[in-house]
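What follows are several structures.
First subunit A sits with subunit B, and in the next complex the same chain sits with subunit C.
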Partner chain A sequence: MATKVSSSPAFSSPALSPRPNPPGPSGRAVPKAKALAILNATKSPAPSVASTPGDGGMDLSEKMNDEVRRQFVIGGRLGEGTYATVYAGHYRHDPTSLVAIKKIKVNADFKDGIAMDAIREIKFLSELHHPNIISLHAVFSTKDQNLSLVLEHLPAGDLEGLWKNGSISYTSADIKAWSNMLAQAVWFCHENFVLHRDIKGNNVLIAADGTLKLADFGLARSFAEPGRPMTHQVITRFYRPLELLYGARHYGGCVDIWSMGIVIAELVIREFFLPSETDIQQVHMITEIFGTPTEETWPGVSMLPNYLPIGPSGFKHPLGTSYFMQRFPLLGADGVELLRGMLTVDPAKRFTANEVLRHSYWTNAPTPTKKEMLPKAGGGLKAMGEDLKRRGGEADTGRVDKVARKLDFASMVQ
Partner chain B sequence: MSKPAHRAGGAPKAAVDSDICPVCKSSRYLNPNMKFLVNPECYHKMCESCVDRIFSHGPAPCPIAGCKRTLRKMRFREQTFEDLKVEREVDIRRRVAKVFNKREEDFETLKDYNDYLETVEEVTWNLILKIDVEATERRLRQFEEAQKAELNPNVARRETQSDSSAPSDASRVVLKKGATQRKALSASSGNTPNPYSSQDGTEDTGFTFRGLKKRTAPEPQKPFDPYSGWSVEPQFYILQDDYNVEWLTQSKNDIQHLAGGYNIKDFYSQALCEAFSGFGVFIEDEIVARDRQVSGDETLATQMAATAGTGAKDVRMDDVF
Partner chain C sequence: MRLTEDDLYRTSTQYKHWSFTPSQLAAQRRTTNIQASERVKAAVARQRAQRSLLDASASESERAGSGVENGGDTPVRVDKEVNCLTVTEEKRLVDVFCARALDLGKFLKFPTEVTATGIQFLRRFYLFNSPMTYEPQTISPCAMFVANKVENHGLPLERYVAVLPNMTTDKVLAPEYLLVQGLRFNFQVRHPFNGLKGGHLEMIEMARGNANLLPNAEKTKEQLQQEMLQLPRKPNGPAQSLSVAQLEKRIENAYGFASIVLKGPAQLTDAYFLYTPSQIWFTAHLLADEPLTLFYLSAKVPTSPIHSKIISTLRSCADLLSSHSSYTTDQISKEEKVAREKKEKEEVSALIKKAKHCRDPDKIDLVKLNLAQKRDAVAGGSLEESKAKRRKLEREGYQKESDDFWGPELKKANGAKVA
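And now, the complex of A and B:
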C-alpha cells in the first residue's frame, strides 16, 4: 500500500488486468462506489483485507479513494461553470507536476448518481492514452460526494483562442501541424471505437510544449451497435453535420470528421466558418456552400427523420473548387482537396479518419512545423479553467449566448 | 616598418608629417578636408585624392618608393588605430581568428584546447613578425579549405569537379585570385613535394589538432509521418470486408443506417477487437509484475508487464465498466 505513483504522472499501471467487456450497451451509468473502486484499483493494488476495525469505519472503497485524494494538493480556483469548477493543483510529492482538478458539481438533474457527462468523460479518458488526447491522472470523490477529475495541466489556451488572438500570426505549415495533431486524436478515438461528438475549437487545448490535446469527452460514446439509435442532439451547432441536423439516429465516426473539417477551416480563415443562430439557419448555411442534397448526391437523404424539403430559397448548387481555393488559400490545392473530403455532405462519401491521415496533404510541402516551434498564445490558467468548466455541447459566444439560453427557457415554459 | 626611413625625424616633425600626404605633398593646411587612407597590403598612407588619381583605372603599384606591391582601390580604407602596427596586427588577428574558429567545447580536454590556442597564437605571431610567411599562409589556406569541406561536403565536391576542367582554362585566362584558381595552379605545379603533406597519402589539412571532437553532421530530416508512429493493426485476426450474418442483414440494408453514415465495417472491427483483445494477456505474469511493483521495483515491473503483454503497444483496451 505504500506505493506512490511513479514520478511520471501518467495514468498507467503495469499491473493492468484484462477487464471483461460487459454485454449490452456501453455508456450506462454505474453506481459510483463501484466505478471508483475499479478505476482506482489500477492505481494502487488493493489491500488483502477489506475493512478492519479501527480504520475510522471506512470501507475499502473509501480508503482507496482517500488515498488517491491525498496524492494531490488542490490550489486556487481557475474557473467555474454550471457543470464543473476547475482548480489548479499539483502532486503532493512533486510540486512541479501540475494538474488541473475538475470538480463536477452535484447536479439537480442527477440526484441518484453522477452526471452522464462525468461518467462519459471518466470512462473514455481512462481508456484513451495518446499524446494528442488530454490525459486523466486520477479520479476521486470528496466528502460531499462530489467527483473530481485530475486532468493534465494545459496552460496555453485553446485552438479557438488561438485564431481569435490577433496578435498571433501563423503560417500554412503551422496550420498543417495543428490539423495533423487534431486528425491524429480523432483517428485514435475512432480506432478505439469512441465517438467524441463535440469537436470544436475550444475543446482542443494546447499544452505548454505546443502539443494539441483533444479534451472534453462529456458527449463521447462508443460506436453503436447496428440498429441501436443514438441521439442526434450532439455537437455544438456550428460544427454539426447535416445528417445530425436532419435527425439521423444511426451515424458513425463521420460526424467527428465534419466537425474536424470545420475546425481546420476556421483555423485558416480565422473566423467562424458556418455561424448560425438556429438549427434551420445552420442547414441553410451548409446548403449555401455545399449545395442542396438530393437523392442522387446523397442516397436516402429524404428518408432521414427531420429532412427538410427544398425550401423557399430554392435549390442550391454546390460551390466549386475555385470558391474553396479562394476562401482557403493557405491550404493549397491538396489541402483544399482534403478539406472538401472532410466536408462532404453525404456521410458515406466523407473521408474516414484513416483516409484523412493517409492524404498526401500531410507529406507534401510545406512540412508541418515542429511542435516546439509553433506560435503560442499563452492563454494562461484562466483560459484553461474556462475551457474545462463548460458542459458538452454548449457554445460560448459571449453575451448573445446567454440571451439565447434565456429565450430557450421561456419557450420551454410555454 | 610602415614609415619610410627618410621621414624618421623628431617628434614635432612627425606631427607635421601626419598632415602632409607622402605622395603628393599636399598638406592639411591647404586642404582641410584631406583624408588619409591605407591599404592592408602594405599599410602605406596616402591621401584620398592620390588614391583616386592613381588607382581609379585599376590595380597599380604602390607609389611609395621601395614598395612594389600592386594595390587596388577597393581595399583602401581609413585607419582605425593611430599606430599602423596595431592596425596591421588587428587585421591579421581578425583573419586568423576567422579560420581558427574552434571553441572549447569542440575539444576533448582543456589541455587540447590550450594546445590549439598556442598553435593559433604561433601562427598569428609568425604572420605579424613576418617569420616563415609563405609556409604559414599556405597552411592557413589549406586549413581553411579543409574546414570548409568538412562543413559543407557539397562545396568540396563541386570544387573537385570544376578542378578537372580547370587546368585548361587556367592556362589561358587569368581569373581573379580565387580558391579554385589557386587550387588549379597548385595542381598544375603539383609535382613539387609538399613538406606538410602526410606520408600515408591522406589529404593534408595544414594543421592537425589533437583531441578535436569529430563533427557530427545534423541528422537528415525524416519524412513526416502523419500517424506519428502509432499503429493499431490487429494482431490476432484479419478483418474481412464483409461478414454474412443473418441478424445483421436488416441493419446493413436499412436506409436510415446508410443515409446517416453508419459504417457497418466499424462494427465488424469493434466486435472482432473486443472478442480477441484478451489474447496475449497472461494473468500470472501480470501478478508477478504487480508483486514486484509492490516491492518497489517499479521500472522493472513496467518492463515485465510490457513484455508479458503483447510485446507491442496494445492500444486497444476494454471497457472499464
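And now, the complex of A and C:
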C-alpha cells in the first residue's frame, strides 16, 4: 500500500500574479518576464497589460507548457514520416545534453482529434521509467496545435540495422547482452501492465553507450480486463504470433514474448527469421517450423476465428531440437531452450517475461558482454530520425510492403 | 526480480503531478481563482470600455444589470464590478459537472474506468483553470471523449456526437489541445477499481482457508479462517459464528458496497488528489465492513507504526468519502434525502446562473478561438514554412480565380477541374 508523502508539486508557478507575461518579442526572456510577474504581483496591477486587445493573457497551464517548450532548442530535421517529423535538439541550458524531438503530424484521415498513436505513446512513456525503455523527457504543444515529444537521444541505430550491417561482427556473449536488455524492457512493461504490441528490431534503439532502448509505444495498451476484447491487428507481421494471425481477441504479455523471440532469432541468424508477404503466408512460415497446431498441442486453438486446421501445404510436424541447434548455433543449448520457450505457439505454454528472465541461459557461460564493450555501428542521428518517424506496424525493408495496420479507431474494438 | 507497487506508484505521473496535501490543493485553487477573476474583470472592463465608446446607452443598461462587488482594484474603473465566483463556488461548480459527467458516462454505457478517467481529467483540468474562464459545459464533453480514447474504449467521435444533444464534432474537439495541455499531457489515471477486485479475491481465498501468508506470519491459514468466521458485524460488536458460505456472502456484500463508493463519492470528491488508489479502495471497503477490512489489513500488514499510520489515513479518507452527498447510508431517511436533493438543486441552479455572469468573454466561443489560434500560428510564423507557403499559394490561387471574369472554375464531384 503506497503511503503518501507530502510531496510538493513539481510546478512552480511564478506567481500568484494574474498578470500575463507581456506579449511580443520579449517572450523569450523568461527570467526577466518571471521577475516582472512577481514584481507586479506585489503591487497594484499595471493597467496597460490588461487592455491589450486580443491578448487574453496566458493560462496557468499555457504558461507551464511554455516553460517546458523553452527548455529546449530545436535543431535540424532528422527525418520525416507519415506520422511524425523528428528534429535534433538540446536543452537550452546545456547544449551538450542532446535530445530528439518528435513532432507529431496532424493526421488528416483521423477525424477524432489527437491521434491514438500519439496518445498511447505519451501515455505510456510518461509512466515507464526504465534504463532499457526510451525516456520521454517532456511533452509540449505549439501554437499550431502540434504535439512534440522530447525523447532521449539515441544515436547508435537499432537492432535491425545492427544485424544488417555486414561490417560489424559480434559474438554469442554480445547476443546474450542485447537479448537480456530487451528482455528486461519487456519484463518492465508487463510488470506495469503494459503491452507493447509492436516489438521488432527497428523499434529497439541503441544509445551512445551501447544500451538498448525499447521505443515506439504507438500501439501499446494496458492489459485488458479479463473478458474484454482487444484488436488482433497489431504487431508488424514478421513478429506477429500465431494466435493473433488466427484472430485472437483475448491475449496478454505472451504476444510480446513471441515478438521478442523473433527479434533475438534474427540477431543470431542475421536475416529475417520468418519473412512473408501476406498474413496467410505468415501462418505458413510459422507452421512450417513449429508445426500445425491442433487441439492436442494447443487446447482451444480451433475456437479462434481465423483458425485454419491445415495449411496450404498440408499438416506439418514441428521441427525438433536439432533444427534449432543447427540454425542458432550461437545461442548454445540453453539459449535454444530459452528461444523455444519464447517461440512456443500455444500462448498459455509460452514463457512469461518473468520466466524468460529467470532462465539459466543468462547466468551460464558465456557471460554477457558489458555494454560499453558491445560492438556498435554508429547509425548516426539520421538513423534515429528514420526509426522514430515510423508509424507503428510499418516495416521499411525492401522485402515487405508497408504493413497495412488497420488500427481503425472508428470500426474496431481496441 | 521484484518491484513493489509502491515503487511503481511513485514513478507515476499521478503521484508526481497530481497528488497534493490539503493545503497545497487549497493554495493551487486560490491561485487559479485569483488569476481567473482578475482576467475576467479586465476582459469585461475592456469590453465595456469599447462598448461605451460605441454606444453609451447600451453600456448604461449593462451596468445596471451586473451584480455587486466587494472591492479590489481593476485596471479600468467601472461603477459596478463583475461578481466573480469564489474558490468554494468554483469547486462546487466543477463537482456538479463531475456528477453530470458520471450520468453521461452511464448514458453512454461507458465502462467504469472510462467515465472515471473523464471525471478525473475534469478535476485535474480545473485545478489550473477556472470554470469562469472555460465553462465546464464546453470542456466536459471533450474530457469524456479524450478519456474514451485514452482508455481504448473506441467510441468514434461521429457516434459520440450523434447521441449528445446540440453537439458537433467541432465543439467536442475545439478544447482538446487546451485540455491535454491543462492535463500536462498526463493521460494515465490510476484507479482503485482493480485493487479492490484483487483485495476482494484475496479475502475470499482467506475465508476458504487458502490465505496467502506473509513470511514468518504468526497465524496459520486455518487460524485466519477461524478468526474471520467469528468477526463481529459492527466494530466492538459480539463475535459471530458464520459458515464459510455466509462469510463469502458477507465479503461479496462488502465488495458491492465498496464498488459503489468507488464509482460515486471517490470520483466526486478530492480523493484522487489526496490519497493513493490503494488507500481509496481500502477506505471504501472500510466503510462497507469495518471489522472485515481491519482484519484483512492486519493479516497483510503486521502491527507496526506503519499499521497505525495507515489506519489514520484511511479514517481521514473515510471522512472525506462519507461526507459526499451521494454517500447514502441507512442513517438518512427518505424524506431527508428528498429535501437535501431539492435544496442542492436550487443551490446549483443559482450557482450556474451566477457563473453565467462572470464568464471570461474572451473564452466563450472555443470553436472560434481554436480556429483563430491556428490562424495566429500562421501569422506568427510558427507553422512550418512550407505549410504556410502552400496555404498562401492556395489562397492566392483562389483569389485570382474568383477575380476571373466568370468567377472560379467549377469542380466536378471527383475534384477534377472542368476542362
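Quick notes on this one:
Assume the second predicted complex is superposed on the first by the 337 of 414 C-alpha atoms of A that agree within 3 Å, B and C clash if a C-alpha of one lies under 4 Å from a C-alpha of the other, contacts with A are read in each partner's own complex, and residues count from 1 in each chain.
In the analysis below, a residue touches a chain if its C-beta (ideal position, glycine included) is under 8 Å from a C-beta of that chain, and two chains touch if they have at least 3 such contacts.
What you see is a predicted model, and the numbers here were worked out from it, not measured in a lab.
After overlaying the two complexes on the shared chain, residue contacts for A:73 are found with neither subunit B nor subunit C.
Once chain A of one complex is fitted onto chain A of the other, the partner contacts of A:123 extend to both subunit B and subunit C. Once the two complexes are laid over each other on the shared chain, residue contacts for A:255 go to subunit B alone; subunit C is not touched. Of the two partner chains placed around the shared chain by superposition, subunit B and subunit C are both touched by A:192.
By the touch criterion stated above, A:285 is placed in contact with neither subunit B nor subunit C. Looking at the shared chain after the overlay, A:298 reaches subunit B, while subunit C stays out of its contact range. In the overlay built on the shared chain, the residue A:64 is in contact with subunit C alone; subunit B does not reach it.
Looking at the shared chain after the overlay, A:168 reaches neither subunit B nor subunit C. When the two structures are aligned on the shared chain, A:357 is found in touch with subunit B and with subunit C. Shared interface residues of subunit A (contacting subunit B in one complex, subunit C in the other): 3, 6, 16-19, 45, 122-123, 126-127, 129, 187, 191-192, 222, 225, 357.
Residue ranges on subunit A touching subunit C, taken from their complex, read 1-4, 6-11, 13, 16-19, 44-47, 49-51, 53, 56-57, 59-62, 64-65, 111-114, 116, 119, 122-124, 126-127, 129, 139-145, 147, 187, 191-192, 221-222, 225, 228, 354, 357, 409-414.
The touching residues of subunit B, when paired with subunit A in their complex, are 221, 223-224, 226-228, 230, 232, 248, 250-252, 254-264, 266-267, 269-270, 273-274, 277-278, 281, 283, 286-287, 289-290, 293-294, 296, 298, 301-302, 304-306, 315-321. Residues of subunit C touching subunit A in their complex: 1, 3, 5-6, 8-13, 15-17, 19-21, 24, 28, 30-32, 34-35, 37-39, 42-43, 45-46, 49, 73, 75-76, 111, 128-129, 133, 145-146, 149-150, 152-154, 156-158, 169, 172-173, 176-178, 180-182, 184-188, 274-279, 282, 301, 306, 309-310, 313, 360, 362-363, 373-374, 376-378, 380, 382-383.
Against subunit B, in their complex, subunit A makes its touches with residues 3, 6, 14-22, 26, 28, 30, 35, 38-39, 45, 122-123, 126-127, 129-131, 180, 183-184, 187-188, 190-193, 222-227, 243, 248-255, 298-301, 303-304, 346-348, 350, 352, 357-359, 362-363, 367-368.
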